[in-house]
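Order of writing sets the chain letters: A, B, C and D. Residues in each chain are counted from 1.
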Amino acid sequence: MTNRNVSVQPAAGRAVEDQEVEIVERKGLGHPDSICDGIAEAVSQALAQTYLDRVGKVLHYNTDETQLVAGNAAPAFGGGEVQEPIYLLIVGRATKEYEGTKIPAETIALEAARDYLQANFPHLDVGTDVIVDVRLGEGSGDLQTVFGEEGTVPMANDTSYGVGHAPLSETEEIVLNVERRLNGEYSDDNPAVGQDIKVMGKREGDRIDVTVAAAAVDAHVDGLDEYREVVAGVREFVGEVAGEYTDREVTVHVNTADDYDDGAIYLTTTGTSAEQGDDGSVGRGNRANGLITPNRPMSMEATSGKNPVNHIGKIYNLLSTEIAQSVVAEVDGIRQLQLRLLSQIGSPIDEPHVADATLITEDGVSVADIEDEVAAAIDEELANVTDITRRVIDGELSTF
Amino acid sequence: MTNRNVSVQPAAGRAVEDQEVEIVERKGLGHPDSICDGIAEAVSQALAQTYLDRVGKVLHYNTDETQLVAGNAAPAFGGGEVQEPIYLLIVGRATKEYEGTKIPAETIALEAARDYLQANFPHLDVGTDVIVDVRLGEGSGDLQTVFGEEGTVPMANDTSYGVGHAPLSETEEIVLNVERRLNGEYSDDNPAVGQDIKVMGKREGDRIDVTVAAAAVDAHVDGLDEYREVVAGVREFVGEVAGEYTDREVTVHVNTADDYDDGAIYLTTTGTSAEQGDDGSVGRGNRANGLITPNRPMSMEATSGKNPVNHIGKIYNLLSTEIAQSVVAEVDGIRQLQLRLLSQIGSPIDEPHVADATLITEDGVSVADIEDEVAAAIDEELANVTDITRRVIDGELSTF
Amino acid sequence: MTNRNVSVQPAAGRAVEDQEVEIVERKGLGHPDSICDGIAEAVSQALAQTYLDRVGKVLHYNTDETQLVAGNAAPAFGGGEVQEPIYLLIVGRATKEYEGTKIPAETIALEAARDYLQANFPHLDVGTDVIVDVRLGEGSGDLQTVFGEEGTVPMANDTSYGVGHAPLSETEEIVLNVERRLNGEYSDDNPAVGQDIKVMGKREGDRIDVTVAAAAVDAHVDGLDEYREVVAGVREFVGEVAGEYTDREVTVHVNTADDYDDGAIYLTTTGTSAEQGDDGSVGRGNRANGLITPNRPMSMEATSGKNPVNHIGKIYNLLSTEIAQSVVAEVDGIRQLQLRLLSQIGSPIDEPHVADATLITEDGVSVADIEDEVAAAIDEELANVTDITRRVIDGELSTF
Amino acid sequence: MTNRNVSVQPAAGRAVEDQEVEIVERKGLGHPDSICDGIAEAVSQALAQTYLDRVGKVLHYNTDETQLVAGNAAPAFGGGEVQEPIYLLIVGRATKEYEGTKIPAETIALEAARDYLQANFPHLDVGTDVIVDVRLGEGSGDLQTVFGEEGTVPMANDTSYGVGHAPLSETEEIVLNVERRLNGEYSDDNPAVGQDIKVMGKREGDRIDVTVAAAAVDAHVDGLDEYREVVAGVREFVGEVAGEYTDREVTVHVNTADDYDDGAIYLTTTGTSAEQGDDGSVGRGNRANGLITPNRPMSMEATSGKNPVNHIGKIYNLLSTEIAQSVVAEVDGIRQLQLRLLSQIGSPIDEPHVADATLITEDGVSVADIEDEVAAAIDEELANVTDITRRVIDGELSTF
């Protein structure tokens, strides 16, 4: 029988929702660190898919190290310009030849990065506002991992750790959704809102402060009055979004560093602070669940850009969150579930060394009531571990 | 009166030392991520000191983004060679002119990086085994912060978060000291041991596994037998060091990925895996206390390379650890103390918005017995916040 | 009266057309050196025009140093791919701020390079097949030269030298026109012919050998037979073109390094050998008149990318050719005219230190018959020296 | 019998020494273009020697494309500093593996560049004042040329052209020796004289103007008076050197762009203008004989950095000069000899397609008197063509 080492225990402390102070942060799509995460993962998906298409399996690669060097810009109402381009260096390893088939890893990476930037950053002219460079070393042939053969579950090649939780707290829901919806429906209708949106949520007792720094796009802002309207619009929208996730008292702050008298406002030409002074790199921002949650255990692992077939840290970080969500959806009575997975070198990755769930139940439910159900659900999810790989390659799972 | 918002409460959960599974990791001096941390911090110190020397105060800069692109090497018993050099790109911002005084930020950065590499990596030839490049943009004049004026405590310019704890658990002590002493006294006598040493400690109940991956330096290893002796020597030394910090059962594993039959061993020419395929960047490895501790709350903040005058995230991460250590040393009866500091934008940094200590006391001591003493000690330490800045510039505090 | 120091003398040797051996070469549009020349000049034009538009005069800049690092490609009948991208580094100096007006020199350069590549290289995907990077230092403010003020002729700031001749010899005409028309009308109808076309003409007595190396574009060539047809087509066309310029016996050689048995043919994916192993830089190929002519005096000056307002070497090389052509067109009886211009530091550029014409006249005409007419024509052309600057900025004059 | 196609004819025009205006230029050791030439050739020598040492023959490589991007410096009497480093990119191709033997081409290149810079530029701190980067692609295996096998003369793989002459004219001797001796004996005793020395000689009839631009080194110049002494010293020395080569009237100009009233002087920190605004690249300066001579036919070929085994352009340019010098030394009565070599694709390189000598004889000697002797001497020298290769690898022949 497969040994997944699942254990379910009551959590020792208070639920995050009950702690006095809770801090949650999300660096949005256009934050320089997130740009790097996004490119690293886009490059990874493109490489994985190319390997599948050409040789039928994913070969060794790792592209988790994009570096962004900020540019210089002169934003101006009605439309400014980038003075010195952003410089983006895609770094990593990739297998460039396999049994006679060549894989143009660097051109694939450049194309994936360009496509990603063009799809997500309408105000950024790739090639003039940003230079994309690449240095992909040759991946070691020894590390080539077979993927896609029937029934195979890869072996863990490292001791690595993943941690996830569900459900999100109210503050987490607010922070995550505020950014996603600002960068989704809201900016569709309001092109003056750029992609670099940073959201911090701070809950003290039952008061939640949501602080948003949102880059305005100068071509869509004709003057200071219009800028103030943009800020007011964001504030109102954020308030509405927050209200969907909590009944607590919410205060929204937008672009608090602005000083209208000094003319210091958050105006950009490209929609991202990368145009002026803010560098970025992979793995410095959001964790795999899209949030930075100092009240929760977090993994240091940079998930974006890693090979989803054999990088156990990537897989376990995504998987632990997925399992936690799925178990909470399936099993009634869970107030908070945290799942920790620790790999066992040399064992199949669906057989972790530790699969450790801690539970806080809802009133009237005890851990004993549901622990078997939870354990069974975890076990079942673990059995489908290779689904994670497939979904990552298909771009269905966000890594940041 | 100065309001430091210090609160002291009992911790909700179990002490880390009492948890069933504890994982601790340290990426040693020569790990690619640590090389980047070390260079970023060395550059930061050199810039800060230059600003002090030339204009009497630290000006705006931020150099927390070094990127390392791995090389290619052909290690061989008796001495191999680097085939393709490592590429190191120092990234950041720095003020290059202030009231007519020019600051050669890029040459300072290059010199600091070279000095750091030469001081710490005896087997790495700077200029041939590794290329050091630099891209430091112009720091914004608006952000220039006065430092060194009498009696001034800087204002927090961001909402940022730091967390520290004391004392270290046994496993933490072992992991930290094993790496430091291997890279200290041991390698002084054993030049065959390179700088790239990764240590993972895993405690399950009262059994501790210490897993060490230590790069051997080929010029000091004549053949496989000698390599095995190197590994055996490390294993013995690690066992001894571990024994100084615990009475628990310790098992030591060294270079477990070796396969002598296949000739797969951890042999390097330069003492670091950066020579062959392992990229690195700042803030991806150890936290400010030198460890990765998934059982503890951690900050995502990359501490190395940041400006120690005005970067509140850097200051609070270092400070929270310093205060925790100092309080534990001063006040009797503390089993575990965790301190969380949260800044208040626009307030002096010695007046955090939250200074939240959670305590687990030793048997026979209650939190109530010592909470005033703890609060007073924290308050006193906070009052000396600018000491942290000075010690960072002087290189007295490690950031990774 | 303006002193232009014009002298007209008989040439000492034989006309080039009468020499026993004549060698002429042209590196076509897609040769790596010409790509660099073309980009350097496109960047120069874009900068000059931007300065005119924004501050009403051309400021100091110099962009005569583009470096191309070849890529790696895997061409294949029907369509191959670039494995490792070409890397293009635009190097130079430019004024980035002038009396409060900012000039985004680097983004202008990137845009000009991209536009140039896209306009001229239909098979090259800018951004994936080629990375364009830029390093433009700050131009010295001291060197800012006023341009466009009424009636101003700039002063020569260097001792520099230009040399031109007219008319072209038959071999020169053939070499120049073969490349231009292959890269013009012929490739419009024959997309299988790429832009990298190198033409060498060698005349021995009355026999002319025209050797063409023309890159074929794999997407338009389905197999070896089709490739042979492409080669045959080029050979036929070149023979026809050559016949328009000479009655001498012409032999055409195309892609002589091909070895069909070995499968060694000149097949490319992008139409240029830069995709595979051939690096390039500015000023290494054609002289300002589009040719390399070892039988004639040549200037070493790299013309492309230099500032057409104040770079006397650029101006005199273009001007000497222009004047020679114009004089030959105006004055009857000239068989060969060579004009050498040498600047005088500190004098207006229309007053050269030496303006030295050597003449070979047609039968029945003596130098004495026409020397006054020639001198007057030269004098008049020199008076309009600033026209050259304007025409260069407008892109009317080719520099390579 | 070997067919070397040697022809000897009278020159058609006047000897350069008799022409009315003669211009000669030399870019000294520390000129940015010469720095690139020097590094390219040093890298070439190091690679060639490594191939000989490791595999017994020189493999395919070509390193003729170093690009220098100027830095920024703030020179100051008594010692200034480099603000932004010079960036040097070594570009080319090299064989990195041959029958199982690996060749660390990039680290060899970096080491050669560093050694060259340290040996020749005492005021330049390699690693801080200048960053040396490298991009050497993989050389094509197909182009691997056998070298060093007994009795082998390589085949020409291209139609290429070389031209040389002897003896040097007086102006040429002066220009060449002024720079060499300033950068030799004179700077040994006068460390205030930097390596970037540009010399232009202009002879009009019997008056020779020697214009020297010599960078002063700030650490060795305490003030303006001392600077004036440095300039005066150079002027005196140049006058003396010139007097050794001519009886004509010589006027020496040193640093004519200086303006003491404005404080505009040629002061540097590193001894080269590369520190501030002057970019450079290979093949843009001196021809293979060390001079730029617009009065003579010149080859456009960049000699430095090319493979001395199989690059026929490099070999013929060096060889034509060597042969001309040697013939002039052996055969009495030659006033001016120019030798042009044109290769024949597919023939051994000692059998050129054209070996064309033009002679001007001394009074009382006719071409007919010595043409057989000259032809025989040329033939003999051609027979020893492979000596050139060996001497280039050994660094005995300068290429710029």
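Basically, a contact is a pair of C-beta atoms (placed from the backbone, for glycine too) under 8 Å apart; a residue touches a chain by one contact, two chains touch by 3 or more.
This structure is a prediction, so every number in the text was calculated from the model and none was measured.
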Those chains which touch chain C and also touch chain A: none
From chain B, the most remote chain by mean C-alpha position: C
Length of the line joining the C-alpha centres of chain B and chain D, rounded to whole Å: 51
Between chain B and chain A, distance of the C-alpha-averaged centres to the nearest whole Å: 25
Inter-chain centre distance, chain B versus chain C - centres from mean C-alpha coordinates, in Å: 56
Where chain D touches two or more other chains, by residue: 84, 87
Touching chain combinations (by label order): A-B, A-C, B-D, C-D
Chain B-touching residues of chain D, taken from the complex the two chains share: 74, 81-85, 87, 96, 102, 104, 106-107, 110-111, 114, 126-129, 131-134
Residues of chain A touching chain B in the complex: 11-14, 19, 21, 23, 62, 64-65, 67, 69-72, 84, 87, 89, 91-93, 135, 137-140, 142, 159, 161, 163, 200, 202, 211, 256-257, 264, 277, 279-285, 287, 292, 294-300, 302, 340, 342, 345, 354, 356
